[in-house]
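The first chain written gets the first letter, and so on, giving A, B and C; residue counts start at 1 in each chain.
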Amino acid sequence: MKSLYFAFHVYLAFAGKSFQKRMQYRVANLAGLTTNFFFLLVQIFVYTAFYAARPGPLPLNLDEIITYFVLCQVFFMVMPFWGTSSEVTEAIKSGDVVLQLTKPVDFQTYWFADECGRAYYYLFMRGLPTFLISLLFFEVVIPQHPTVLMAFAVSMILSIFMSAAITITIFSTGFWTLDTSGISGMSYAIITLFSGMLVPIVLWPEWLAYIARWLPFEGLIDVPFSIYLGKITGIKIWIAIGKQMAWSLFFLGLGRFLLTRGFSKLVIQGG
Amino acid sequence: MIEVDNLSKTFKVYHHRKGFFGSFVNLFSRKHRNVQAVDRVSFTVARGEIVGYLGPNGAGKSTTIKMLTGILVPSSGHVTVNGYIPHRQRKENAKHIGVVFGQRSHLWFDLPVQESFELLQRIYRIPQAQYRQNVEMFDELLNLGDFFQTPVRQLSLGQRMRADIAAALLHNPDVLFLDEPTIGLDVVAKARIRQFIQQINAERQVTVVLTTHDLDDVERLCKRVILIDNARLRFDGELTTLRRLLSTERLLSVDYAEVYPDVSIPNAHVVYQEDARVQYRFSPEEISAADLIGAILKKFRIVDVSIQEPDIEDLIKTVYEDNLTLERKLGESLSPDA
Amino acid sequence: MHHLSLYFHFVKLRIRSQMEYRLSFVFELFSQASISVIDFFMIALLFNRFKQLAGWSLWEVGFLYGMIGICFALAEMFGRGFDVFQRSILRGDFDTILIRPLGTFYQVFSHEFLLRRLGRIAQALVVLLIANSQLTISWSFTKVGYLLISLMSGTCFFIGLFVIGATSCFWTVQSIEIINIFTNGGVFMGSYPFSIYRWWFRHFFTFVVPLACVNYFPSLFLLGKIESLGASPIGVVLAPFAGFLFLGITMLFWRWGVLRYQSTGH
C-alpha cells in the first residue's frame, strides 16, 4: 500500500513536470490549435455534404457527427502515435537508458507519468480551447445528464491511460530496432482506423465494426465519445469502461514485459 | 586582397512577450533591440599575409569573418575580398576563398572524406589534374590517407579538422579564413596544422585570416594581429609591438622543500601561497626568469618550478581592462598604420 | 548542365545513404503505404454508406485523391530540403551553403531526397489507376499531357508551401507550423470536390493559395465535369499553371529572406 502511494506521488510529480515542460512551446501550440480547427472545419464540410445528399435514417444525426469530430480534435494529440519524449527514445537508442536502473524510481512509472503529463497538457491547452471555440461556431451536443458526463470523464481518463500504455509498448521496441519510425507508422495506421477517429464505428459496415469491437483501440476514441453522445447507456457503460480498464492493464503488462526484456538485453549485451 | 572600410553589423534581438496572449501578440508585432556586433571596423590585408584576428568571445570576430565570406550582409560599410563584394557577389567570392570553422564541419556528415572531396571537386569544378595534385600534397602534409575512407561523423576532432582544412583548399583559393582552427586539439595536432598553414602560405601565397584563442597559434603563424573588443577595433599592428606595449607579466610557480615564513624576492610579487607552494608574478622587463630563479635558489631549497606564459585571453584581458594605458602607449609609440 | 549532373550526383548519394538502413527503409515504405491505404479506405467506407458526395461518385473522388496524393508525395520527395530546413538552420548548415559557389535555393533543393516517399506515390498512383479503370475517361494525347502538367504543377505548389515555411525560419526559429494547414490540410481537403466547401473557403484556396487550380479544376476537365458545374473552360485549362507561378513567387520570397539571414551566434 505504501509503495502504491509512493508510485502515485512519483506519478503526480513527473506528470506535472512533463506538463510544465510543454508550456514553453506556446506558439507551436497556437499553430497546432489552428491546424486542428482547420481539419475540423473540412471534416464538417464533408459530412454536411454527405448528409445533405442522403437524409435517410442514420445512427447519428449531423449535429452528433459534428460533436463526434469536435471531440476527435480535442483528443487528437492525446493519441499514442505522436511519439514520446525524445529524451526517452534517444536514451533507449543510445543505451543510456540503463542509467535509469540506478534511480530509485521505476522507469515505467516515470515514463507513464511523462506520457500522461503530455496527454493532459494537450487536453487542456489544445483540446479545451478547440472545444470552446467549436461551441461558438457549431451545433455541439452537450449531454444533459450528469451521470453521462461522469461516465464520460472516467472513460476519458482511461483513454489517456491506455494511450500512455500503448505508447510505452510501441516505443519499447526501440531496444531492438534502432529506428522506431516504421513501427510507429504502422501503429498510426491501425490506431487511426480502429479507434474510430476517421469515421465513427457505427457508420462502418457490419463485418468491419465487428472486428473493431474485439480490438482495444475503440477504447481510445469511439467508446468515450459514444458514452458522451448517449449511444452507450445503462449497464453497457460499465462493460465498456471495464473493457477499457482491462486493455489498459494488458498494455501496461506488455510494456513492462518489453522493458524488462529490453533492460536485461542492455545489461547482458551492453547495448 | 581584403579591404574593410567602416564595416558595421547590427543584429536585431527580439524580445518575446510572455504568457499565452503574449505569444499570440508576438506573431504580429515583435519588439526588438539592436545589438552592435561589429562597429565601424576598417583594415586591409595584403596578398600573402597571415593576420591574427583576435578578441574575446562575443567581440565580433566571427561576425566579421561571416561578412567577409558572404554569410552575413553588413549593416553598413564596405568590404571587398579579391575585388568581390562578398554578399553581392557571393558565388564569385566563394570560388576564391576557403573557409574553415573550428566548431563545425563543412563536410558531409555521412559521407567518407574521399567522397566529400569528390563532391567538392564537382561543386567547384576543379580540373582533375589539379584535384589529384592537391589531394596528393595534402595527404603528404596532413596524412589524410589514414582516414580517407572513413565517414566524417566517425572522425576524431583532429582528423576532422585536417580534413576540413584540406577541403577548404582543394579549389586553390586565394584567401583562407580560419575560425578557431585549433580549438580542442592536442599539442601534436595543433603543431601539425600550424605547420601546414605556414607551408601553404609560403608556397602558394595564400592570404590567411585566422581567429583564435591560442597564443601559440598567433606566435607561430602571425606577424600581424588585429584586436577587436566590444565590436570595435582596438589594435592593428605587429605582434611584437603589441607584446612590447603590454608589460606581459608571467607567473612562476615554486614548490619549496619546506615551508618558509618569508618567501619574498625583490622585483617579484607573491600572488599565492599555500604551505610550500608559492606563486610569483614578475615582469620580464624588470627581472628575467633566469635571474628570478637564481635569486630564489640562493635563499631557499626547492622541489619543483614552472613558468606560465600568459595566454592570449590574459593578454587580451590586460588590453581591455587597461584600455587607457594601451591607448596612451599607442599614442606615444605606434607606427602610423595602426 | 553542370547543375543537373551535380543534382543527380547528390540524389545518388542520398539514395545510397538511405539504403544503408535497408530494413527500416522497407519498414517505413510499408508503413507509409499502409497509412495512406487506410486514408482512402475510410473514404470508401463513407461512400459505402452515403453512395455519393455532391454529385461525385467514389471513383471520381478517388481520382482527386490520387492526384493530390501523388503531388504531395513527390513534393515531399524532392522538396525535402525545404521541409526540414528548420532543423538544418538550427544546426548552422546554412552557413556552409553560403560559402559554396552555388545558389542557395539550388543547394537546399538538391541536398535532400526522400526516397521512401515512393510507397506513398505508389499507393496514390494505384488509386488513380483504379479510378481510371472504373471511370470512362476518353484519353487523348492532350489530356495525358494536361494530366502530367497538372501533376507537376501540384508538386510545385506543395514545394512552394515548403519554401514559404523554410523562408520563415530566417526570422523565427519556431518555424510557422501553420504551413501544415496548407500541406497536410491541403491534401485532406484536396481529396474532396471543392464544391462542398463554403464560398470564402473556396475563393481562398483558389486565388490566395491556389490548391484548387492544381487539383480540382484539372479533374473537372479530365472527368468531363466542366459544363455541369458551370466553370469557365478557359480558366480550367489555364488553372494548372498557377502551381508553377506559385513556386516562382515563393522563390522570390526565399531570395528576399536569404538577405535577412542572421546566422547563429556572433
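Throughout what follows, contacts are C-beta pairs under 8 Å (C-beta built on N, C-alpha and C of every residue); 3 or more make two chains touch, one makes a residue touch a chain.
All values reported here derive from a predicted model rather than from experimental measurement.
Looking at which of A-C and B-C shares more C-beta pairs in contact, the answer is the pair A-C.
Chain centres here are means of the Cα atoms, and by that rule the chain farthest away from chain C is B.
Averaged C-alpha coordinates give centres for chain A and chain B that are 53 Å from one another.
Chain A and chain C, compared by their mean Cα positions, are separated by 29 Å.
Per-chain CA centroids place chain B at a distance of 46 Å from chain C. Contacts with at least two other chains are made by residues 27 of chain A. The touching residues of chain C, when paired with chain A in their complex, are 21, 23-24, 27-28, 30-32, 34-35, 37-39, 41-42, 45-46, 48-54, 172, 174, 176-178, 180-181, 184-185, 188-189, 192, 196-198, 201. Of all residues in chain A, only 25, 27-28, 31-32, 34-35, 38-39, 41-42, 45-46, 48-54, 58, 177-179, 181-186, 188-189, 192-193, 198-199, 203-205, 208 touch chain C in the complex they form. By the touch rule above, chain C contacts chain B in their complex via residues 2, 5-6, 9-10, 13, 17, 92, 95-96, 98-103, 259-263, 265-266. Across the interface of their complex, chain C is touched by residues 9, 11-12, 37, 58, 60, 62-63, 66, 69-73, 87, 90-92, 94-95, 97, 99, 101, 104, 106, 108, 110-111, 115, 119, 122-125 of chain B.
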